[in-house]
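The same chain A turns up in both complexes below, where it pairs with chain B and then with chain C.
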Partner chain A sequence: MKHVFYLDGQEIPFVPGQNVLEATIAAGQDRQIPYFCFHPALGSLGACRQCAVKMYSHDSKHPPRITMACLLPASDDLQLVTLENDVHTEHREIIELLMTNHPLDCPVCDEGGQCHLQDMTVQTGHSVRHYGGPKRTYRNQNLGPLVYQEMNRCITCYRCVRFYQDAALGEDFGVFGSRNRVSFGRLEDGPLESPFSGNLVEVCPTGVFTDKVFRHDYVRVWDLQQGPSVCPHCAVGCNTTPGARLGTLRRIRNRQHPEINGHFLCDRGRYAFPYVTAHSRPLQPRLKGETSRQEAVLRQLASRLEEGRSGFLGSPREDLQSNLGLFALADCLHAPFAAVTSSWAEALAQQCLALPQAPSLQEVAAADRIVVIGDLDSIAPMAGFAVRQALGRGARLTVLASSRTGLARKGDYRPLRPSALRDQVAQLADDPCLQGGRVPVLLATAETLGPSGLYALRKTLEKLPANARAGAFVNRPNLFGAAYFAADGHTERLQQALRQREINHLLCLGADPLGEDWGAGAWRTLSSGLEGFALLDMVDSATARAAEALLPVAAFPERAGLFVNYEGRIQAFAPVYQREAQVLHSAVHGSGFPDAAGGMKHPLGPPSPLFWLGRLAELLHVHEAWQKRLDFYLHFLCPAAPDPDSPGVLLPDTIRARFEIATLPLPPTVGPEQWELDIFRWYGGETLADTAEDLQSLAPLRGLRVHPDVQAASATLQGPCGQLHLPVIPCEDMVQGVIAIDQEGFAELGLYPGDPVEVTWEQEP
Partner chain B sequence: MRMWRNFVDLGAGLWTTLRQLGRISTVSYPEAPLNLPPRWRGRPTLTRDPDGDERCVACQLCSAVCPTRCIELQAGERADTRRYPLTFRINFSRCIYCGLCEEACPTLAIQLLDEFAFSKQHHADFIYEKDALLIDGTGKHPHYNFYRHSGVALGDKNKGEGINEKPPVNVRSNLP
Partner chain C sequence: MSSPTSTVDLHDDALLARLRALVAESPVPEAAISEVLQALQKARGYIDDEALQLAATLTGLSPVKVEELCTFYSLVLREPVGTHVMRVCDSIACHMAGAQDILTQARQHCGVGFGEVSRSGKLTVIPHVCIGMCDRAPAVLVDQEALGPMDKQALTQLLAQLEADVWKPS
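Moving on, here comes the complex of A and B:
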């Protein structure tokens, strides 16, 4: 049955349980009810008294009365009115009260043009302040490099605290003071600690909290080019709206996806975008380290490929089409191809894909028994956010990890060595922590759990009730897309070919086999057999610096593509802007006719990987076959490619089924006396994000984290591919016998999380 | 009667013409300068506040309101956090002197002064950059300084030191 109520005589549909304001906003009729404290994700509070409506009772016994729409449950045939004078007077007077102390700041306020307060003030028609007395002022706080505070502009709607404390379960932000002196911030100046702090910018309806990174390169929203995109920084695949102007990317905002990120983004997703403008980003083709003409590089590369002794290496960091394009080219040339850099990562990818359909983040938030394995916040922060939402609804959380992570503090924490994780996961089916719930959900960070742990997770899931779900996360946007090629030991074959000198050249796409990718240690040894390799990438990496031919590619907001997220959801992103030369001074750039003058643009941006691969296929005279294969694979994987604006399509189960045969990978054996390795990450760390300066100023120190019972200043770790000397960072939260290092460290040693390691402790740093 | 009226009208017209005999009413513009009224709308310029700092805060209202979209600017941030236009350009081959930018400008920075007719060899020369737009005076408004009225702290002006402001509140106080 369709439920409706009437607002000014117009039918507004609603779902039982919604309040009047919520339904009105959902119906797109919110121009008639101004509001502040209500937020679709944070609910009603009734604090601002702005959303008045007049309610007529069904009978004629009660007189009509004015009430708050956000606190009025929608019910059938309710008669509501806003177009009467007393309602309008209420709207105007409330906003005048809220504006009594408001500063004259709009011209220098970054919220201007996207300000909810501006919109509502104009909408209600309040234009002249009757109060002429002096205005209240506040001192601002320095809240770190990401969020800027200008406290004078506050209208005390409490959205910020409700987000920070109630939704994100952050502890270092709150409300201070009393009566009309309340202030919102930290106890002391200092960076906000929550991985979701950037959402304050969007949640606050005024200019109290604005984007500090955007502030440095500011432009009004009406001049921004915006479009639908997908966050490339982890497997969650949150939907984003990048904004650009004059060919440079300025900011990232949330784009609502009800099943994934809702109204929010993590700070990595919001603040990692400066990788696009980083000075180190390669923009010109390079040949042997020298900038070169694109044709020259292409020809050189084509002649290499013609020799027929090339291997191809894709990447889970690149989008689906680019990987398929590379695969198709390898196929045309009958060359070996791999999508990931090590057999371990390949097994990991297979095991991830073999898991049954993962829950969407919306489903995670609705779960009532949750088990988190590893440090979820540092890999896929928004998944951690969904867990927090579930906690807010009373879910029971158990965290299995080798250190007391942020989430572990919010639930039951079981300190475990990585090698014990696997056994613990295998026994979860009978564990009390999952008993008694209706919707159990298990969330794992794939790398910590490892291929054998993921296998155990799949087996556990089979023993749990049918509605139990599990998801595995990595900090790559497209591991699931790249995993298709991971089925048959491709990486091993590629490395074998290299070892046996069948190939002596490598074409890599978005991979960093000589830097920090998994298995980099082995690649470094193997690279001596290479007579040169080529790379298509958008960041500067160890591999890019060593590459013989480097072809720069467009960053994700600069091109179209598809990512497959952790659920197997294929999502499309659209090109949002074209990188172009910014004409800073027309007199200097003689011909520069600025954009406003209807002038020329100067496209500067590197093309997409598909363009390069297509050109290579042309030069090798296989273009037709290449195109045919590419279309075929693409059609096979996603028969109906989604639009950038659609919620995406899930991979068909038939494709997943191919991976279910994946067998138990051999787990590493660790003695009880041995030191074990675990991976240390932080929420802002990821290959692309690592070049974003403002975000990285918050990065924790590099080092080796151990429990403080070890008395040493530094340590040397010994692995099959090399050794690593790092300072020791004593860390209360670590489990004894476990050493946590970053991915670069693993790459250097040639080891994987959960492996035993030999350590020499040293007293000198 | 009617005929008599016609003669009077004719005579009046002739008298008007004869009255002008001996007077010179042709202005030999451009040799002779024009005496323009004070509210004349010529080309826009950027003015400075009474303290000599540039007034523009790069709020982009002028470029948003401009009907011919001939204003383009990019905001920059000074070390003291003051927003200013890093680049500011107006394409005078499109500007129609409508004055909407002046009306929109909240800081009274952009003002239409009296220059209105100028010619160039090339279109590109009509694009005036900030150095050509920024003048050294306050223009028509000698006293206004936006930052004295706005709530933000800047340079030597701290919170609560602006016009009509109370000193900053003590947020640690719980007194009623």
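Moving on, here comes the complex of A and C:
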């Protein structure tokens, strides 16, 4: 049955449970009702008194009355009016009250042009301030490198504190004072600690909280080129709206996706974008470390590939089509291909894919029994945000981890060594923490559990009720897309071919096998057998610096593509802007790259990986076969390619089934006296994000995190591929017997999370 | 009652035991925050950062939550005060009856701004929201004693008594 009420004679459909304002906004008719404190994700408060409507009764005994739309439950045949003088006067006078202390600084305010208060003031027609008294002023706080505060603009709608405390469960931001001396901020100056602090910029209906990073290279919102994109910084696949101007990316905003990120983004998603403008970003083709003409690099690379002794290495950091393009080229040339850099990562990807359909973040937020394994906030912060929303709705949370994580402080924490973690996961089906709930959900950081732990998770899930769901997260946007090619043993075969000198050349796409990717220690040894290797990438890395041929590629907002998120949801992103010529200096080096129309009118920034792969296929005379294979694989995985504006399409379950029988490496054996390694990450850390200076200024120190009962200043760890010497950082939150190091450390040692490690403690720093 | 500004040792066992008892008596630890703050202010004269942290630890609230509470309630002091605190009501009834004159006179007597400790260390004057004494406007609250209506002469006398430390609550 269709439910409707009437607003100024116009039918507004609603779903039972919605309030009048919510339904009006959903119907796109909110131009008639101004509002401030209501936010679709934060709900109604009734504090600002702005969303007044006049309600008429069918009973003539009851005169019409003015009421707040955000507090009025929508009901059938409700007759509401806004176009009468008294309602309009109420709207205008409330705005005048809210504007009593608001400075008239729109021309110099960052919010100008995208300001809800500005829009509502114009909409209601308020233009004269009748009160002649002074405006109250505040001392602003320095809230760190990401969010800028200007308290004088505040209209006390409380959206910020409702978001920060109630939705994000942050503890370092609050509302102080009372009456007309209310202020919002921290106890003292300092960076906001929440991984979701950037959302203050979007929830604030005026310019109290603005984007400090956007300030560095500010442009009015109407001058921004914007388009639909998908966040490339983890497996969640939040929808974003990048904004660019004059060929450079200036900011990232949330783009609502009802199943994934809703109205919010994490700070990595919002503030990691300067990888696109980083000085270290390769923008010109390089041959043996020297900038070179693209044709020269392509010909050199083609001649290497023609020798028939090349291997191909894809990456979960690159999008689906680029990986498919590389796979198709390898297929045309009958060359070995691997999608990930180590057998461990391959098994990890396979076990992630073998899990049944993962819950969407919306479903996580609706769960009532949640088990989190590992530090979810540091891998996929928005998944952690969904857990917080569930907590706000009364869910019971249990966290299994080797350190007291941010989420562990909000639920039952079980401190466990990584080896014990796997055993515990295997026994979760009978655990009281999942009993008594209607919707149990298990969320794991894939690396912490490892392939055998993920297998145990799948087996546990089979023993749980049918509605139980599990999801595994990584900090790569396309592990699930790349993993479709991670067929059993491909990485081992590629490495074997290299060891046996069957290949002497490697073409990598977005991978860093000599730097921080899993298994980098082994690759450093293997690379001695290479005569050269080529890389297509958008960031500077150890591999990029050592590559014989380097072909720069467009950053994600500069091109179209597909990512497959942790649910197996294929989402498209569109090119938002084109990088301009002056940053490329291509007038010196040749004719530049073709523009979107295929012409060569003016030189542009680096093209997509598919452009390079297509050109290579042409030079190798396999373009037709390459294109056919590419189209076939793409059609196989994704028969109906999603539109960037659509919510994406889920991969069919049949594709998952073949990973259920993947080879499972044995879990490491760890003695009780041995030290175990676990991975340490933080919410802003990720390969692309690592070049974002403002975000990285918040990064924790590098070191070995251990329980404070270890009396040492530094330590040397010994692994099969090398040793690592780092200062010791005593950490109360760590479990005894566990050492946490970053991914780079694992790469240097040649070890994986959960592995035992030999350690020499030293008193000298 | 006086509002001493002398610092009390927060590690004093008797004080800690009293605070813990307040927390134990309340249905949930968080609910004891008002009583804990009152007890700390009584012992210490005002809630300094150390006392705020202690209140947060004892009740399990975040320091931000405790600060929210402290700044919400006008009777919680976050700065050091004189031996006596005079709160002058400046809400509508007292305002109409001349509260501004009372405030000006008191401030001039102290020689410092509102909320600051007078040079003698005896007095702090703070404008305050309605204290419910509209029938005796303009009214003041000295420590915990409500007085009014005040006029220039009565205030002069009161200030002299406070300075001489001879004022006694009725």
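The working rule: the second predicted complex is superposed on the first by the 740 of 765 C-alpha atoms of A that agree within 3 Å, B and C clash if a C-alpha of one lies under 4 Å from a C-alpha of the other, contacts with A are read in each partner's own complex, and residues count from 1 in each chain.
Note that in this section a contact is a pair of C-beta atoms (placed from the backbone, for glycine too) under 8 Å apart; a residue touches a chain by one contact, two chains touch by 3 or more.
Everything numeric here is computed off the predicted structure, so don't read it as measured data.
Which of chain B and chain C touches more residues of chain A is settled by the count: it is B. Contact with chain B, but none with chain C, is seen for A:L246 once the two complexes are overlaid on the shared chain. With both structures placed on the common chain, the touch criterion links A:E171 to chain C but leaves chain B unconnected. In the superposed pair of complexes, A:D105 makes contact with chain B only, with no contact to chain C. By the touch criterion defined above, A:R139 reaches chain B but does not reach chain C. After overlaying the two complexes on the shared chain, residue contacts for A:R186 are found with chain C alone; chain B is out of touch. In the superposition on chain A, contact is made by A:W222 with chain B only, not with chain C. Shared-chain residue A:N152: touches chain B; no touch with chain C. The residues of chain A shared by its contacts with chain B and with chain C are 176-179.
Considering their complex, residues 103-108, 112, 132-140, 150, 152-153, 176-179, 181-183, 215-216, 218-220, 222-223, 246, 582, 584-587, 590-597 of chain A touch chain B.
Across the complex, chain B meets chain A through its residues 57-61, 63-64, 69-72, 74-75, 77, 83, 87, 89, 91, 93-94, 106-107, 123-124, 127, 129, 146, 149-153, 159-160, 162, 164-176. Chain A contributes residues 171-179, 186-187 to its touches with chain C in the complex. Against chain A, in their complex, chain C makes its touches with residues 62-65, 67-68, 71-74, 129.
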